[in-house]
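The structure that follows is given in the form of structure tokens.
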């Protein structure tokens, strides 16, 4: 039985939705509760805590399994076992980047153009210190508690901050001149819990279910009919993620074809399939995929 | 053509969502409207009224069919025909309980330890009176209009109240010492309407659709592929809710299997199925099930 | 690559939901942004502007393709190529009507009973003027900027306004005495863009996807099992939108049948199918349909 | 030290604002708390409970002093000592009325035109029963739990309900044909608490402060200057609520006049005062008045 | 008795607050109601309509008195009698400006640098046409229904729009190159109503009260004490808006001084007064001022 | 001209309200803006930043004057000049306390009963480390980013946290066993700015205005009339905050008395004043007090 810790705050909603989609809904007596349960024999209890604190709590063994960002694992330097990347963040399915940005009026486009004594605001002081130590530049680091971009250029010259699309930075006149880290949401485990075979199996099961629900979001189930003569042509253009299910329709001269395809390219695919002879094309939503 | 009455208030949202899921959406000119229509030849009109009032209105024949809680049917002592239980309440798919609770400081754990003259606050004065009469204890009953737990222990010693998970009671220091009633959301009919064959058929049809939509929520459609040699093993572990649909894939050495299974156990089932040789397992959401 | 313009305001939410359902999600840095992108090779960029302004912008060629209402195309008299009707509006899948309404106290039920000098309030002054010119009645037209019904009968005698269900008009004591226009949401193209074969193909592709997603909403995929002997009877009552997919289940004496049917009649159909011998009937949601 | 009970629900906000204005702010750890304190030596503790329950709790002596409506005192038939009327309700400073209303289509305009067997919906079943008993008419009373007007005319013929301005009734096509009760917000006391001289004095003090704050809302402090020769004329038109304060300005030939006047007539008064020779007229807000 | 029309929309809240402050509160049965009443013998009824429509309605005599912006009076070219400017707008007490703005990338800083064929987006097409006619420049005017700045530079080259502080324009990269109109909120009257002496007097009374309430917002009543010997010095630095009220305190060697001063300079004034010998300085809020 | 920094977040609303009350309203183009202006010649510009960061920014001279909590000054160990305490916090006019709390189940009531290796969660790691160093107890400190109470007792044994009323701690079963710091909102200055006479004078002026507005909230202006014979008795019971203003009313045998008194005791005072012969007692709100 595993103790889980999930991220409270900006990732909270997306994380709880993912657990619900994986048929592992987290039950709490109220939305503001920090503790809850999952009705699954592999889960003992669930806490929701700030992602910054999670790596250390998992390292210390207060929890067996946690979900947090790679950024906070690196910032806190915690020793945890990474089991999987979960490709979701606040808004998108892309990872976020921790970048070094300066105001465009500074006229700097590469880190090596920065001058010593540079003032940097950041919510990642440890990561930032390590970065400038490696760069060999003496920077003055000011810990930030939010709205880092509001401090440039009056208070600091540069900032190290998380960006998802870069648009907030651009709107504040900032130019990204380096990337310190590409950060994914990750499932991390306590080292000794992960070394225990039973717990490890339970962890793998949960990861399978979460990844299965996450994968389903970017896939769609295509069903189509095709005349026997066009079957080969249609199968040729279907992408090979898994073997399509092909069924001869009773006494009809037609086959039914089912395939799981990537949503990203489906609109182009449909055009191609119609050209190859497919008709009566349906897309069905998928709840979970275990390939 | 049936006149329907649905519960306004805490069950309203869940009830309207259920009708929508059953392809019986209730149309109203605004969310605050008390009257609406359903575009189905079996429904003449729909009203939304307080669940407390519904049993008596159905008994009197102002409506043919109503949805309300068993608690209010018992409290009002109304004579109605119960057609089906709909397993949903405000938050969960579980029934609610009407319980007798006392403050933990009272040091009482069984009803027979209570003393005469006991003061009880409740939104169910009739149910409560009947209970204490049967118990042979002279209690003073104070009708409550909400927030019953706020009156213990200053105003009353005990309360009879509805509880879904028990957590609100526990947070207020209350201990449940008896259960008066387990209450489900029910579909109830006026007796003479239900005795009319045509109306009865229309009622049964509507119940079939509502139950079909409700059942679909707790089920998922599993699709999987399996090598011909593993087919028997896979079918053996598939739960027997209905016969799985097994199709031989054209000239492939594989079968495709489809089955409807309970969401509650699906995460454990998937592990078992993979072990038995299933692969390419998909779960698809179901909108309605008529078994 | 096409420049698209979508309607900001009351149709915005429904339009963006439709694009998302068609796997063409519009990405913007914030919900209040007027410009965005779609990750599809056929779309260069997307703007969201008021539907009143869209016909003229498309006519002028500022955009290749736009979505707006037929009402604004007529009001502005813009020359655009109409590619498709998209049957959705603010609340329903029905078209809206632009009607002439008067207060019931005026005692008028036909346009030809109106007297010269009539004062009319409307958000469609051009349409209204054309209507009264054709009617040969000298009316005084007052442009309205919203809440047109609030001006009858104190300020004006009549109004020309959009109505979806008619209930707001009735609640204000208005009687509809004529319909000037039935207005659908439409996909319109700039004439010279539509004359270019490549752009035309891209436009047709997008329309196919949007219509496919819209159609899917009003359809459901029915799956059922039937004994071989009942198959013919079941197929006879299944509506003929497209050929049902019939599969013999391996060595079982049963067939599985799949068909796409209209949601509107599905509740009646299910009763009929059961009577004909169908069992284990499932409805599955559909995301897109390309017939 | 007094135990107070204030009305939760529709009067809650206005009541808490009145206590704040009287420098008796109620402190609670959250807005949803049912219990609080007032930092005044005369107040031991404060509870917020439903106004329907307050009369009986005060009668029983669970609280010394309560604020509730006259309607609930009459409905519950509780024996409490009324200390003061507080002229405020949900929206206005006027009392509310409990009225008997019928649908205009019933064509009835006087109670004696009603027929036996009349069905009446009401949140005041006891008051309503007493009324029809006195009237000598056998009515069937249906307890209502809200939205009483939604039940006319389908379910009941008439209703007994609270009305503040009458507009909701009119909008539902109802005609008021009798008034059962004019109801004010009242301060009520437990009889034995009120018989204790010390507690009675504390109650009177609190009433003085609450009435003082309430009175201040409808008054304004007028300050004006006037030439010595016009002083008599100005004083003549000043209303005589209390003697105006007249001060001779040092060596100036002018007097300064201050008076507390009713806000209701102040706009007309200002015109009169200017005509009588007043100038430099100021109105100042008043926080509390103890006349 | 006057018929009044007030602006619905962005000025609505500020206008209703002003009427309330002037002891002329507008009563409506709901916040969404278009019609209301004021409990004052000079006001027959009040409507709330869009400010764009108000000038023409007042000109036509549908209302005696209206409040709207100078911008809409000019745009509609309505003939109304202006009685007073009310210095308030959506956010501030300053007037708004209707300006001509171009994108900074156009490199234009004066209207005479603009080229013929210029495309202009505006909510004020009539005003804009008049402006360009006078300028002698052939511009193509596109009516805008909101978010005008979103159309520059893709759709149009320039815009004529309302600005309060200019910051929205600057944030969109726009440069103001001319001001077409400085617009205040105004009280306007129908010409023949204003020519009637009784109605005119009632109008003047209402304006006095509204201006009195508005003036009070920017003033504060200062009360201070001063030793007899410092009185002259203190009076010398007090601004002379109206004569201060000076009272000798009984047998004390001190005078009390009261004066109404401008809030804008009060913080500087207090320093000066203290230096001149004033002490115990109070500022009191004023509700209305009739000088 | 001073650069000011105000606290963003939980103190933001109260701080901006105080500046508004002091006639120093902060103007920003939107509520989410980090920078603004005050229309006063002593203020160059205003920033709103997190209170944690303010002490160091003021120490570094990025701002001349800041408002923040004593807790963050101590936590960051910043060297700033404290000019005034402003007695307000999020909800009340009381200071907050930084306390050491443990779960009641730990059975500990004094710091010296704690055992080495104790785990402590806190948002004040520096303060906490200093505290335990002085106590001579080796504690393991876990930085907290919010909801500190959620970590006891599962993750940590104790917490150091801010508390306003103590009720949140009590609700989570925590017992306060020591107070590390009593923290007020303070006005702090950069040392070298404060050493400049002109800037220092400007700082003192602003503090006077802010304190004047804050003081006014807890005071009320009492006006009363009294017969000449009772004057001495009334003056005797009036508290001596400042000399009351006593004026003989012209030829009346009465005096008018004005005094500023504390709101906290005013309800008791009014009773005393009435007993001493005062009548027509008014309380007026005060906007600012400069004693």
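Going in written order, the chains are labelled A, B, C, D, E and F, and every chain counts its residues from 1.
One rule holds for everything that comes next: contacts are C-beta pairs under 8 Å (C-beta built on N, C-alpha and C of every residue); 3 or more make two chains touch, one makes a residue touch a chain.
As the structure is a prediction and not an experimental result, all values here were calculated from the model.
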| request: Count how many hops through touching chains it takes, at the least, to reach chain E starting from chain A. | output: 2
| Rigid-body rotation angle, chain E and chain D, from Cα fit (steps of 5°) | 120
| note | Across the interface between the identical copies chain E and chain F, with over half of residue numbers shared counting as same and under half as different, the residues used are different
| query | Taking each chain's centre as the mean of its CA atoms, how far is chain A from chain B in angstrom? | reply | 36
| Centroid spacing, where centroids are CA-atom means, of chain A and chain F in whole angstrom | 43
| note | When centres are defined as mean Cα positions, the distance from chain B to chain F in whole Å is 52
| request: Mind pulling the residue numbers of chain A that touch at least two other chains? | output: 247, 284-285
| said: On the basis of the stated criterion, which chains touch which? Give every pair. | reply: A-B, A-C, A-F, B-C, B-D, C-E, D-E, D-F, E-F
| message | List the residues on chain C that touch chain B in their complex, please. | response | 165, 167-168, 171, 220, 225, 247, 249-250, 252, 254, 256, 263-264, 266-268, 270-271, 274, 279-285
| Given the complex with chain E, which residues does chain C contribute to the contact? | 8, 34-35, 47, 49-50, 52-53, 56-57, 62, 142-147, 150-151, 154-155
| remark: In their shared complex, chain C is touched by residues of chain B numbered 22-24, 29, 39-41, 205, 208-209, 212, 216, 221, 242-243, 245-248, 255, 260, 284-291
